[in-house]
Structures are given as structure tokens and as C-alpha cells.
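The data blocks that follow each hold one structure.
After this come two complexes, each holding subunit A, first together with subunit B and then together with subunit C.
Presenting the complex of A and B:
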């Protein structure tokens, strides 16, 4: 049986950095996802504007809890992250605003699913403060995927134009999201599993992600590299992931961070210098 | 006023008068008060929020402190709890009745 850790101070030094990296990557990704959802209060229908705002609120709340753990790490002696875009560890596909509602739906299905399977892997975490708040977050996430599923089914059933636009939007973000779930056999993966921070390895997370996303791809007849083994029922990834330039501690291939406009928005929250309305 | 020590049931009674900022019922009827403990002059409240992104945290903390100060409590500790998570099953019968009269179904 593995040891449980009541605070981040109790974590063995050998895994502290890996845990900090992952917690900050989740915090930044949820923060940015909340911002992106919040930019779509003008969704195509009123119900989705309300859903976008509710999902944004959830993501902000979740990032707040993850950032409180980040603060604990800083108090335990890890360096404070500098407030510059290149230090942000959000999942790369959130660097820029969504260009269309189709991009929104693609991210709603794929990014939210990735963050959810990561949360699920924390359910039995040895890091107790994390384990305690995770069930509440998962409870709040339920309707996010329902929203994405509803829109994916609408877009793939109504016209060939919307189906192919969705397919393109998903292709654009497919690889970075699968990579975000972690590099197999990396030192940080070994540290996270060894200390019992998460209970499944990165390939296991990808399988769980495909179990969420695969059926939507199949139902929508989308041409994407995932298929279902008719004998075993398992979802299989049809392409290999490109890890060139991948930085596992940032969970990104590029260290550009959010674009200038987005970062200005983030900065005004932390410095309380709000833009004057026009 | 001199600091006084209330017992736990008196604290629960006082908290029944603190309303949820967004609902017309008390924090106790909302099922948000998870535990109350008194040790000497120290009063500890365990509070569960309905949502992780609750925008009213500061109001709720302020209202709890103000109400308990009226009873003479000075050393008030409020701890947020997420485990077990708040669910609507925690709303009391009385709370459900009041919410239904406001047209809210639970």
C-alpha cells in the first residue's frame, strides 16, 4: 500500500517537481479554458451562451483550487512561476481564441475530455488535498461533455459542410491534446505513478480519453485516427504521436504561452489594472 | 461585550439566521454547514460550497462572522470542505418547502 501525503510538504523530494509541474499544467489549462469558454457568450443559441458561461465559471473555480495547491508548493520552497506568457503551461490549443463556434465545440469535446480523464486519475491520489476536492470537480464536469456531445451530433447530422468543418477543427487540436496526457515512460510519469499521485499511466489516460471521444467520432462518421477493435471492443489510436521538441514539464512543444491579447487579460486580473471601457 | 462561549447547538441556531446570498434560505437549510465545533473560545465552522466557483464566498464568510460576533464569539475559524462534496440532497425539508414556494424545484 502506498503512503498518503497530507500536504505537499510531505511529498518525497524525488517527485515534488513532477507533481508541481502537473498541477500547474492543469491549473493553467483550466484557467485558459475558462477564458476561452467565456469569450463565447454570443453562442449560436441562447442556451449555449448560458452553458458557455456556466462552463467558464466551473473552469475558473477548478483552476482556483489547483492554484491553491501551486501556492502550497511555493511555500514548500519551489520557485514561484514568473508572470510571463512563456512560463504558462496551458494546453497549447488554448493559446489563441477559438476562431469559430466549431472550434469551441471541438475543444469542448476534446480538451474537456482530456482534463476529465486526468481528474479521474486523481480520484485515489496519495496527495490528500487533491483527492479531497477532485470528486466535486468531476461532479461539475458532467454537463460539459453532454454539451459537447449534443453539438457534435447536431453538426455531424445536419449538413456535410458542418460535419467536415468539425472534422477539420478536431484534426487541428487532436495531437497536442493526446500528447498533453503525458509522455510514456518519462521520468515524470514514473515519479507520478511511483508516488501514487495518479493511478494510471499516460497510455492508460489516452485509452480512457478515446473511450469518451471515440464513440462520438464513430457516430459522426468523422475521419480521424481512432478506431474500435470489433473483437476486443478496445479503442485504438491510428497514428503515432510526434514528441519532437516536447517538454514534459510544461506539457507543451512550444513555450510561447497565450497570445499577447489573452495575456493582457490574465495580467489585469493579477495586477487589478482593468482596462477602461470604450 | 465580553467573549462568551456558546455551545454547539447555540451556534447552529445562530447560523440558521444566516441566509445564502443567492437563495432565500439559511446556510443551515441549504446543507452548507457540515460541522460546528467549539473548543474554549475557538469556534470552528466547516462549510461546503455548492459550487467550486462560488462567487459569494466572501459574503458568506462575512455574514457568518458578523452573526457570530453578535453572540460574542471572537475567535471564529471557517474551513472549506470539499469531501464529501455538497449535493442538493443536503437541503433540509424546510429548505425544500421554502424553495418550492419561491418556484424553485429541488
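Presenting the complex of A and C:
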């Protein structure tokens, strides 16, 4: 059984950076996802406007918890990141606003599923503050996926036009999200697993992600590179991921960060701290 | 939105209590009905919430005039 760490100060130096990188990537991704959800208070139906604002509130709340851990790392001596867009580590598909409600639904399904499987991998984390707050976050995420699933099912059943628009929207964000779950055999993955921060490797996370997304793809007859092995029941990725230019510490290939308009709204890291009661 | 159906929403605050009817949502499918119910009827810290399609109700007493 591995050691538990009551605070980030207790983490062995060998894994500190890898944990910090991942926590910041989750914090920034949830922050930006909250912002994107919040931009859709004019959803196609009033009930989804309410859902979008509720999901935005959830994501902002989650990011605040992750930022509190980031703060702890800074207290422990890791350099505070510079408040410039290129230092942001949000999942790349959130750099710009969603262009359509279809883009919203695609991200609602794929990005939320990626964040959910990452949170689930923290359930038995050796980093105790993380382990304590994660179960409540997971509960909230389940409703996000239900919302996505409901919309995907509607869009794939209503018309060929809405089905193919959804397929296109998903294709656009597919690869960056799968890569976001981590590069296999990277040094940081070894550090995270070695210290018991998460309990599954990046390929395992991708399998769990496919278990969430695969059935939706299959039910909607969407042409995407994922299929179910009829003998083993396992979901298999039908294409290899492109890791050219990938920066594992940022979980991004491009270093541009959020666009200027977005960045003007989110700049807060250096001016706020996120103390969370113990 | 097409294919709207009525769903009845049931919830309870305490595990010792039975589920009670708290409202109605209209949605094109069960997943959206559940997602909508969760955000619309969020006034209490529910321990459980369920939605059921009105069309799946089985009448034990067909609707009739009151007092008869």
C-alpha cells in the first residue's frame, strides 16, 4: 500500500512537478469549461439554459477547489505561473467559444467525460485533500453527462442534418481530448502512478472514456474511430493519436492558450487566492 | 424541440421518507427530463430524485369527476 500525503508539502520532490502540472491542467480546463457553458444562457430551450448555467456553476466551483491545491503548491515553493494566455493549460478545444449549440453538446459529452474519468482516477488518490473533495464533484459530473446524452440522442434521432452536424462537431475535438488524458509511458505518468496520485494509466483513462462515449457513438450511428469488440465487449480506438509537438506538462500541443477576448475575462490567478477550509 | 413528452418528478429529502411528487418537466427523452428536473427542482438538498414518463403510468382509477 502506498503512502498517503496530507498536504502537497508532503509529496516527494520527484513527483511534485507532475502533480502540480496535472492539477493545474484540470483547474484551467474546468475554469474554461465553466466559462463556455456560461456563454450559452440562450440554449435552444429554457430548461437547457438553466442546465447550462448550473453546469457552469459546477465547473467554476470545481476549478476553485483545484486552484486551492495549485495555491498550496505555490506555497510549497513551486513557481507561480505567469498570468499570460500561453501559460494556460486548459484543454485546447476550449480556447475559443463554441460556435453553435452542436459544439456545446459535443463538448458537454466529450470534455465532461474526459474530466469525469480523470476525477474517478483520483477517487483513491494518495493526495488526501484531492481524495476528500473528488466524490462530490463526480456526483455533479454525472448529471452533466446525462444532459449531453439526452441532447446527443435527440440530435442523432431528429434528422440526418443534425446527426451529421454533431458527428462533425465531435470529430473536430476528438483527438485533442483523447490526448489530454495523457501520453502513455511519459515521465509524469510514471510519477503520478508511482506516488499513487491516480490509480490508472493514460491508456486506462482512454478506455474508461470510450466506455462513456462509445455507447453514445454507437447508438447515434456516428462515424467515429471507436468500436466495440463483439467478443470481449471492450471499446477500441480505431485511430492512432498524433503526439507531434505535444507538451505533456501542459496537456496541449499548441501553446497559444485561450483567445484574447476569453483571457480578458479569466485573468484572476495572480490577483485571487483560493483558500479552502480544511 | 420535437417529440416532447411529459415527465413527472419525484424526490425525497430524507431516506426515511417516501418519494413525493415535486413537479413536472417536458422533455424529448428521459435523459433530458432527468437533467432538466435536477436543475429546475433544486430547492432542497434531495437525497434522491426520479423522473417517470407520464405515458408509462397505469391508471388504477381512470380520471373521473370529483366527489363521485
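Everything below uses one rule, namely that the second predicted complex is superposed on the first by the 267 of 278 C-alpha atoms of A that agree within 3 Å, B and C clash if a C-alpha of one lies under 4 Å from a C-alpha of the other, contacts with A are read in each partner's own complex, and residues count from 1 in each chain.
Basically, a residue touches a chain if its C-beta (ideal position, glycine included) is under 8 Å from a C-beta of that chain, and two chains touch if they have at least 3 such contacts.
For clarity, every value in this text was computed on a predicted model and none was experimentally measured.
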Subunit B versus subunit C as contact partner of A:158, first or second or both or neither: second
A:80 touches, of subunit B and subunit C: first, second, both or neither? neither
Touched partner set for A:7, first subunit B, second subunit C, both or neither: neither
Touched partner set for A:65, first subunit B, second subunit C, both or neither: first
In the complex, subunit C residues that touch subunit A: 1-3, 25, 27-36, 38-40, 42
Touching residues (chain side subunit A, partner subunit B) in the complex: 57-58, 60-62, 64-65, 131-133, 135-137, 139-140
For the subunit B and subunit A complex, residues of the former touching the latter: 51-55, 81-87
Residues of subunit A that touch subunit C when the two form their complex: 44-45, 47-48, 50-51, 54, 143, 146-147, 149-151, 153-154, 158
